[in-house]
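Here it is, the structure, as structure tokens.
We call the chains A, B, C and D, going by the order they appear; numbering starts again at 1 in every chain.
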Amino acid sequence: MLIFLLRALAKMAVTLFVIVTIVFFATRLSGDAIDFIGGDALDAQSRAELIVYYGLREDMVTQYWRFLRGMIEGEFGLSLIERRPVTTIFLERVGPTLQLVGTAILVTLVIAIPAGIYAAIRRRSNGAKAVMTGAFIGYATPNFVMATLLLLVFSYWLRLLPSAGNGSGAHFIMPVTALSLTYIAALIRYTRNATLDVLGQDYLRTARAKGLPERTVITRHAMRNTLITVLSVFGLMVTALVSAGAVVIETVFSWRGIGDLLVTAAIRRDYPVLQFGVLAVASAVIVINILTDIAYALVDPRVRLGARTS
Amino acid sequence: QELRVGAQNVSNYLDPGEDHSNVGSQFYYNAFDTLIARDHAGDGGFVPGLATEWEQISPQVIEFTIREDVVFHDGTPMTAHDVVFSLNRMFSPTYPPYMVRKRDRLGNFTRAELRPDGKVRVYTAQPEPLFETLLSMQQTMIVPQAYLMGLAGHPQADEIAAYEAFGLAPVGTGPYRIAEFIPGERIVYERHAEFWGEPAPYERVIVTRIPETVSRVTALRSGEVDIITNIAPDQIELIESDPAFKTEGSVTPLFHVMIMNANHPEIADPRIRQALSLAIDRDLLNEALWLGMAEVPSSHTMEEFGDLYMPELETFRHDPEEARRLLEEAGYDGAEITYDIHSPSYYTNDLLAAQAIMEMWDAVGINGVINPRESWTGCSSEMMTRTWSNPMYFADPFGSFGVMWAPGGPSESCERFNTDAAYAETWERFRFSEDTATRREAYAELMDRIAADPPVLPLYRPFEAWGMRAEIDWAPAATHIPYVLDFRAGRISENES
Amino acid sequence: MTTPIALSSRAGSGGPLALWHDAGLLERGAFILGLTLLAAALFAPYIAPVDPNAQSLLARLRPPLGFDRAVSGYWLGTDELGRDILSRSLHALRLTIGLALAGATLGMLLGLTLGLIAGLVGGIVDDLIAGLIDIQIAVPFTLIALLAVALFGGDLIVLVLVLGIAGWETFGRVVRGEVIKLRDQPFMEAARAAGASPWRLAVKHLLPNLVSPLVVMFALSFATIVLLESTLSFLGLGVRPPTATLGSMVGHGRAYMPNAPWLVITPALLILLVTLVVQILGDFLRDRADVRLRDR
Amino acid sequence: MTSSLLSIDNLHIAFGATQAVRGISFEIGHHETFALVGESGSGKSATALAILRLIEREGGRITHGRIVFRKEAPVCLTELSDEQMQTVRGRDIAMVFQEPLTALNPVLTIGRQLTETILRHEPVSQAQAQHKAIEQLERVRIPQAAARLSQYPHELSGGQRQRVMIAMALACNPRLLIADEPSTALDVTTQAEILALIRDLQAERGMSVLFITHDMGVVAEMAHRVGVLRHGRLVETGPARRILTAPQESYARMLVDAAPRLGAGGPALLPETGRSPALALDNLVVDYAGRRPHPLAARTRTRAVDGVSLHVAQGESVGLVGESGCGKSSIARAILRLTPVASGRIAIDGQDITRLSERRLFPVRRKVQMVFQDPFASLNPRLPTWDLITEPACIHATVARDDRRDMAAALLEQVGLGAEHLDRYPHQYSGGQRQRLCIARALSVQPKLIIADEPVAALDVSIARQITELMQALQQRLGLSFLFISHDLAVVERLCHRIAVMRAGRIVETGPTDAIIGDPQEEYTKTLIAAVPGRITPAVAAVHERQSLVG
């Protein structure tokens, strides 16, 4: 366990280092912050002054060293646009995103796993077909179309739900629905597959031969094995939710979160915000990966930490 | 009483001196005052603001009598010291973002000075015909010296950190104080009880960012907000179809323009640029994309320029025949001409206009290609043509055309526009002559020059609309710079109907 | 999945006829629909009534035939620049299918190759490739797309590369896992004992065993790419206007959903159908490849 | 026999359109052991699953017939609902499945799996169930029974797992135990223990047993009565002694005759030729890296093969026997250089290959072919037959691309399969056919040496016989050498010139076949031979028969 954690942390450090380096250079090579900071009309002298003022005059390598030193000291600097510490800005945004993504993950779990198991057990029933068709359609609808549709139906026409912000529980309904739909659909499909795999296993026959009622056979013997398979997929999905995130949903529902922050920062070349944001998101993703590995080892006695194959 | 506003965008900082963005201009007027104000409820004429009276002592000096009993939002009284400080921070800036504003509009001002009698004098380098106009600008709004300088911890030192901090915790003298500011997300105004003028009509005004048009319209309809900004003509019907809501709009004192890089080898020949311009049927664009509500100018001029409004000039026109002829004459070889556009869409209808323009170019044989960019092309020498906007920063051709096309200004220093001694000479006459007729004459000459070697084509003045509950009586004032959300007394009310 | 499959057709192989025979109603429907969509895409230039980019600015936002204000000749109405939605959709379908195929194929080839190498070679190489996968997952995709477009321009090729790169890590991860699982199987040892080269091991022995996960992933990846492309269009990073993909049509049309829903309905429906067809056929092929599943 | 516990009457079972069982009838009396023997694929397991009404879940259907079970009053199992069956399963009728490896749930502890059966059928508390579970484990003689409860299946050896399965089946004192090949995967010593256990328990509790096997030795040891199944029909039923000694029906006769019997004598020793041996192992050592005992420690090493020296002359067959896990397969894998050699020397045809590079090894690979222990796993499931069995030839370019199908057809014919199998995939074969594919593959390059690792373990006796005969014929015709690894001493005796006995990585005894079987010197060899079931044939069978009549 200790060795595993040390190894994982070392790998994480290397991965993060590579990521921040790439982001550092790619953002700088591909655009200029000054045009955004100064507005779109700058004469040459003002431009030069601003470049000095924002510390963008040194050559990139010097800036890079400064950035690395700052990172090690935990000093991530100020946003070029907002002039506030990037950590403050990030913290402001992280809450809403976590709420949104967390709720979406919960909803996904609660709906998709039972539905997937049902679709597998009653493989040929009409109910299962309905579930799978629903999953197909859920998967195939772009989430911003779904988001806009929900907005129009429930806020614009029916005036039932609030359309913007994250004040109350009601504010969660639409964004969470729009966000989790794709994931629910995908997870249903994975769960169904995993369950079908398990249903063919001999130990289920053993369980039945013991005289266990069908419910117990499914809940105790099948589900546990299904969950193990689903876990790794689920870990991937959580990381996708955290990293690829909810940019689109956040925009449509005016939900100030990380996705919106990162894209905006990238467009404006607000380097400090972008660098810290990417670092934070990447760390979260990697930590989730490690946690998935640990969870995997916890639920599957055959797996030793660090020896996992996939 | 409370007013909730759904805005497409909220600024990332609030410093009237530094800011000149369309996003920012929405928010200052409610919370800050200038020495000279304008009668926005009326004809827009100059009226006393924080100065009760002013007197032009010489062409280069003006003297202000400062209003007493003015209290800043932080409770401290405003003094002449604050006025001198506010103006000098712009006239001889140490904070780089101010330097930009100094250069593009306040270049002629040298200093402000406190007289022993408590009056304040402002000096310029050359005779200044636009004293009142420039000193009623957003950039010359008055801020509290002690508060601002104290923000960095050393109240005596002129520190950059203090200016930076002020942008996040702004304090002014206006009818509303900024009670809460979350950059890019929310501004909460509260009534400033000790405001020197007529008290604010609302106890609170909450501005929230709702970036998506559909979401904004929805928020209005579902009662989450009372007013929404940035409604394109296409959406007006959507709001007005319900009698509980209405829209108010006007053409904005701002041009959507196409600029052309005079130094790009492919279009260096002025005839090609003329053709690019002549090929565009701006009336059709207006008719189709703005439902005829926008305004297509014949020259770089607007009614707001007052004495310098010159609709008789015909600098820009639509003539595809002529365009074809010029292209042939210039020996245009069908080279690809890129049209940069900010993506995702930045100006209302910009992408649509761009696509329509490509078709119009195609019709005269120009091989145009849209080039969506996620960042501004800045001063890139590869830029050929692109979208831009040219707002009226203050009501004078200098505040619109002049900010961008002055000799040594942003366009020239980015090397996409060339001036010569003759242009500079004409410019001096236009800028500093105290005689309006001379200025008009000079401006006409500049326009001729622009027509002959065009760096820009003003497409139209867009029509901007705001949606709101039907009971709210508010409309944009024609005398403001673009996008100002003016919720001062007399400008907004609610009728119980 | 839908109909009991006759035992006589147990063989994993069999010609297209056997496939057809095994397919249920749903699969057959999907197959026919798929062919129709493909044909529509392929022949778009011939069947589209008008030039997809031709504007009629004064007839913007007109509804489909049969509604008020409809303009004749524009069956499915016009878009925000007065272009024919039917013609645009057909051309967009063509481009979207092309993009998704190219992107998914690229992602698959990339992921397959790297996954195979990682799994077979192991050691440092494996660590490197696994690290690459981690990086790819950890950096938000929109950011990668944005930087790529900013650095290399918004050409179609760049777009395909970006979309391909978006999916490779899923392939890479799964393939690597499968390879590690398979590489010590007795049949691999048997081949090694017979003197098979690493290349032969990979291509002849591993690849056939990877086919069914690859089929499933390809189907998923295809759908994901169609959606990703539309998300990119939503963020203004997709194909350059006036060229249209189904995704960009939906992305641009979304603003008009309350007053001109037909801008979105046709392309969104096409996206739905295309991904649906791919998913159903993918599932069908996978279910068939699973020997144990077939008889239950 | 109206008092019989279970009577099956004209049972028909179909999988889809194919009829697997076509009308069988038999009865099992109280305290009786009924053995069901027969060809692989003849419907034995299907019948067992039908009794428990689990066949529907496997995709089968009882199309006709009745299964009547008499505990107090007779119940017709075929008419019960699934809910009603749930009270029968596990309590009245319990089953030990064919494959213990996959029959236990890998993610639940042994204790959990055991207690849940007890809790399901008996009104006891959790603690009592726990206690009972330990008792059960002790009864099947699993050491440290209490500690096992918290272990997972993969932490037990194959034999232990098999015993857990049996403990589970016996947990609620069922009236009828169905044991489906409970000892196939086990070496003779473990097998003997398990058989003894079932017999003891039966005597102790007076239950009836339906015993399914293909091993006639086991039948002889266990059964009172025997049913011979072929193509889904019972071709003969009768007392064990009669069937084993005087089968009436021709298939039954063939089955009994084909069963190898220990002590029948092996082939004569080959004369010394003086030529270099086909295989020479010199002090071979094979280590496996184990896990680390704690994070900072070095990995432990398992010494699987510990200094083995062995020669196989040209044209000779050498048998390698020994208990499970003693290192037989490891030797085979080392010879093929599939596992690294720690020390020692391997020579093929006089050439030292111990440290040869893979490139230099290439020509040698052609000379040595292997039949792997698990045929299904060693055949790539996605390749068609013709491709599979000619692959070595293709790799070594001994066959033209266009001739591969012809070659494959010829090979199939050699192992008794038809050319119609050319395009089939491995899963479309029965276990025995797969094993023959492996043999065909080994023959495709005309090797000098074949290492056969348990090549007939999965086959019923008649097919096993066919295969060994084929091997002998090839040896005579082509002068092949064999290293024959098996736990079935009778088969080894029939096939091999010499036998090497292994234990815990070392060879404890080597010698001519007759000498080893007839006059073993080592204590271990003696135990091994004593453990072979069925050595006590007719007499014991007679005893059983009498018992069953009395009971």
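By definition in this document, a contact is a pair of C-beta atoms (placed from the backbone, for glycine too) under 8 Å apart; a residue touches a chain by one contact, two chains touch by 3 or more.
In UniProt terms the chains read A, C = Peptide/nickel transport system permease protein; D = Peptide/nickel transport system ATP-binding protein.
Because the structure is predicted, anything quoted here is derived from the model rather than measured.
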| item | value |
| --- | --- |
| Centre-most chain [mean C-alpha coordinates] | A |
| Comparison of C-D and A-C (more C-beta pairs in contact) | A-C |
| Geometric centre distance via CA averages, chain D-chain B, whole Å | 88 |
| Rounded Å distance, chain A centre to chain C centre (Cα mean) | 22 |
| Approximate Å spacing (C-alpha centroids) for the pair chain B, chain C | 46 |
| Touching two or more other chains - residue numbers and ranges from chain B | 212, 214, 217, 374-375 |
| In chain A, residues with contacts to at least two other chains | 30-31, 148, 152, 156, 266-267 |
| Set of chain C residues in contact with two or more other chains | 4, 146, 150, 234-235, 254, 257-258, 296 |
| Touching chain combinations (by label order) | A-B, A-C, A-D, B-C, C-D |
| Chain C residues touching chain D - in the complex, by the definition given at the top | 4, 6-8, 10-13, 185-187, 189-196, 200, 204-205, 208-209, 211, 291, 295-296 |
| Chain C - residues contacting chain A, complex | 1-2, 4, 26, 127, 131, 134-135, 137-143, 146-147, 150-151, 170, 173-174, 176-178, 180-181, 216, 220, 223, 227, 230-231, 234-235, 247, 250-251, 254, 257-258, 264, 268, 271-272, 274-276, 279-280, 283, 290, 292-293, 296 |
| Of chain D, residues touching chain C in the complex | 15-18, 58-59, 333, 336, 338, 361-362, 365-366, 368-370, 372-374, 377-384, 391-392, 395-396, 423-425, 427-428, 441 |
| Residues of chain A that touch chain C when the two form their complex | 11, 14-15, 18-19, 22-23, 26-27, 29-31, 123-124, 129, 136-137, 139-145, 148-149, 152, 156, 182, 186, 189, 193, 196, 199-200, 236, 239-240, 243-245, 247-248, 259, 262-263, 266-267, 274, 278, 281-282, 285-286, 289, 309-310 |
| Parts of chain B lying in touch with chain C, wherever the complex brings them together | 212-214, 217, 234-235, 237-238, 284-285, 287-289, 343-345, 351-352, 354-356, 358-359, 369-375 |
